[in-house]
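You will see two complexes here that share subunit A, one where it goes with subunit B and one where it goes with subunit C.
== the complex of A and B ==
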């Protein structure tokens, strides 16, 4: 029989999971109630549970057509970046790794910048041009790192090195696109790069959430293998894990998650780095818990950032990418200072 | 039980293991000796099918050529590289049965893993994080993980390196018990010649990727061989309990 201490720890972790979900639900409610049109939580509740009793139909429209897609997108992006960050830190064995490390976000930014600069348009779906080309550019960055890793060996060192090279390449190309742009176009590019939930709609929510769910399904069976990787390549290998194959598979999933998240809303920093650290401190490294909790933490941080982005400057919405670190850093510092070593 | 025939390993056209051939009996404890860089770790990895090799490694007369099949039969314990994982001790032991673990872990497996920790005197360590343990405690956890896999063959790469005297004896006592009581076959790369003589029934000494001596400790661990292989003058004598003691005197 397992010890009392172990059972207590397992209950403790489950408690954190429940707390995370509760925090997320609470932050969703606050986010839906916050904005230029001041709504109270009761009104927001009513739009879901008794819309026929509402006196002002505009409240329903504001909540369901404007705010809900933004909140849902914040959840999808936060969950995707949280999971992508945790996966990246595991496969690269590097606590500083995040979806940014391998240049996917920079590539998405470059794709968006080029589309805006040259006015590229998709036939029939012009409104999807920027996300489409951002996604294509992020996938190209992924293919580049993947190709180098295949040729030179799928080690963490090779992937980090080729990823950082890709990051610098696309950052330079992004700067070049900005340098070539007129002041009006430059403003549009910079606004995209800030990352904003104003670009969210139900289509982007459905694409982002489909990619997230697909990734969850693909990786469900690999939770224990990812946990084994935390003991190092040699030990994972000795336990029968095909480390190279796992690393490539997870890498492809991370690139998909990142591209799906940033293509629609722009560059969102810090969540992919900080959410896994918070999750690891609270629920440990068992990936059956770490991955869902990283996603929940990422989603809570994104929704909290969304709330702050609306209250910083009353009557307007500050791009969310600007405030994500403002929300994440106090969380992380608080945990670092209060976390007992080995607890 | 375990047969190695014509085993060769090369890295970038440099031969690391050169045509190795030997058989190991079930229930035996064999120590692999030799100076650094003679291929001991490479041999263990090749036996575990973790690196490309040519030749044959046969377990129980069955073909276990695929990595997963081999991983089910033999447990390879690498040197402790001190990776500061924050996994709990119970999670590390559970990983020994990674192939049969799903999203939920049956209570029976949890209890069994817990019993393994009790056996190693780690009953109060289940919820401790690995990075808070000493090197010796960590090595015991990894050994518990290896044995939790219920392997036929245990391959240990310097299992007592960086351990204090007491932990060296505890770890090797467990390995000896595994061979004696569970009829498992253990192969350990070692540097401490006295410990190898005390615990192993057989010594295989490697030099430049080849077996240059193979036999009982008394037969292999001679002054002449130690001088030839390690380039060290040593005193070799039999203790009161009949076990060989080797004291290094000077480098030649």
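== the complex of A and C ==
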């Protein structure tokens, strides 16, 4: 590739990145201005820049205590799942992989279902019971797949197979918990599994974003290795990448990202599958760009889903897990149909 | 074996408007649900005729109530458990093996069982359907008269049905002629505590009762029959009266606990945490101290008019000045049930801390 062509490509990619960030900011603004209170944008802004001038204290409460945590959580969850999906597709060399392929979210759902079913409560922090046990269950699923991979070799095939087995195991256990529940409890479990932004608060936002930032720090140096891995195990090996070690490391990060995202707000599907595909179509395989762009795309999709879930029925919030696919699928179809690079 | 083989039979009409023939004096009854209503209609010895129940709908769903009844009638705990319909544990073999002369099922059980009902009937067990869940005067009355006829306590049943119809009629009459805007009402199931918004009800359950009592339920028109409202919507709607439904949820540190054997202080302190929700201190209901708790197990019963009266009185204190809903509730237990209503069933949050 000539240096001019390379520079042109880099500019092209940078353009998409700027577009992505702009879209994200725009969707955040719309999300913050959407809600049954029908506040005008000026009032919403005033709560940030001149809260002392607000005449109605309710406006401040609505924007800062109700809307803002939900918007922030949508960003964190979308970014985490977007990145996790891209990483998963890379280490497994499989375009159908997502954070859910290996059963982490099914395990999280099982942990939540059991907690709700038996009314388990943590001492001192009862409100963290469900996220805590969801996280524990997701980590158990991770350890299971990790263990099998350690024993039988860290190849994509072994991981996908043991992961799918884990997925089925936890799905069955989850069904068992639902089967044992009384209607009231069952409804609560089902509601958790739908995924809902109503559970967002500043604590969940800070835990989720800390996990995300930690993951970014851990993987920053590995971007080029991941790009190399896309060329196949053999080529990556010949470039000096310790493929096994990389796979395990990324695997651990993905499980952390997924568990952090779903433990608080419930299983939110699809973002982890769609966001990386959209990102890959727009900016290509270079993981220095692909990973951030997957995160941005995931965040935009989540915030868009949040807006739509509020617009469908302003008074009740339609669970966001139901809306994400409705937002993501048309977007993905559009890209598939218009993508010039498509073979 | 068909019921007619026993000789003398009676015919009852159930809530699905089916005419069912069954032995004139059934001595062995399978009871699927509505245990308290059955007790109220049949009197103190009503359960002597029961041979099988769906235990988890009582034991698991209303534990404190179950414990209260077990104390006065330990035999209930020894009855055959036919399993639960919704979770699929219902055992048709156990049902048939308990040799009931008649099976009394709730409408939701009848619907969920589907084809299984035909098998029960083929085994010679007549199935009749009661329905208090519908929360209509008509079905309450039909269910009550039907159970009365089966138990041979027609007069008592008639009295209960008449009292029920009259009480509901009275509430509707009181609120009908009131002018002005209906007060805005918000109702929430308090099983999750104050940290997370619980389910609100549209037309069904408490939503229906609020409508009857002349309230303007803010949940009406929103998506989902049983789902939480957007907290922001609750704030903007500024409800004038708030009802939190409490029950006896074991091992839940934050849920609003109510029912048999619960101390008033417990209910009060759990309920008061709801005032700490963001923005709630500005709500009209909170400012005017109109935050109430209702026993969730109280809806869909023969005595649910006590709760209807309570809601009516909370909304229109003057129109109900001569009515004491708690006394109505207490007296119903005293008159018709073998246990007394000791615990918290309806209460208003005392002045905010």
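Just so it is clear, the second predicted complex is superposed on the first by the 338 of 343 C-alpha atoms of A that agree within 3 Å, B and C clash if a C-alpha of one lies under 4 Å from a C-alpha of the other, contacts with A are read in each partner's own complex, and residues count from 1 in each chain.
Criterion: contacts are C-beta pairs under 8 Å (C-beta built on N, C-alpha and C of every residue); 3 or more make two chains touch, one makes a residue touch a chain.
Just so you know, these numbers come straight off a predicted model, no measurement behind them.
When the shared chain is aligned, subunit C comes close enough to touch A:313, but subunit B does not.
Residue contacts after overlaying the shared chain place A:189 against neither subunit B nor subunit C.
In the superposition on chain A, A:180 makes contact with subunit C only, not with subunit B. After overlaying the two complexes on the shared chain, residue contacts for A:238 are found with subunit B alone; subunit C is out of touch. By the touch criterion defined above, A:225 lies against subunit B but remains apart from subunit C after alignment on the C-alpha atoms of chain A. In the superposed model, A:284 lies in contact with subunit B only, and not with subunit C.
Judged by the touch definition given at the top, the superposed model places A:303 against neither subunit B nor subunit C. Across the complex, subunit A meets subunit C through its residues 35-38, 57-58, 61-62, 65-67, 119-121, 126-127, 179-184, 187-188, 191, 198-199, 310, 312-318. By the touch criterion given at the top, residues 1-3, 5-6, 8-9, 220, 223-225, 227-228, 230-232, 234-235, 237-242, 280, 284-286, 288, 341-342 of subunit A touch subunit B in their complex. Those residues of subunit B that touch subunit A in the shared complex are 48, 50, 67-68, 71-72, 75-78, 81, 83, 85-88, 90-92, 95-96, 98-99, 101, 103, 110-111, 114, 123-124, 126-129, 131-132, 142. Against subunit A, in their complex, subunit C makes its touches with residues 56, 60-61, 86-88, 191-193, 195-197, 199-200, 218-219, 221-224, 226-233, 235-237, 249-254, 278-279, 282.
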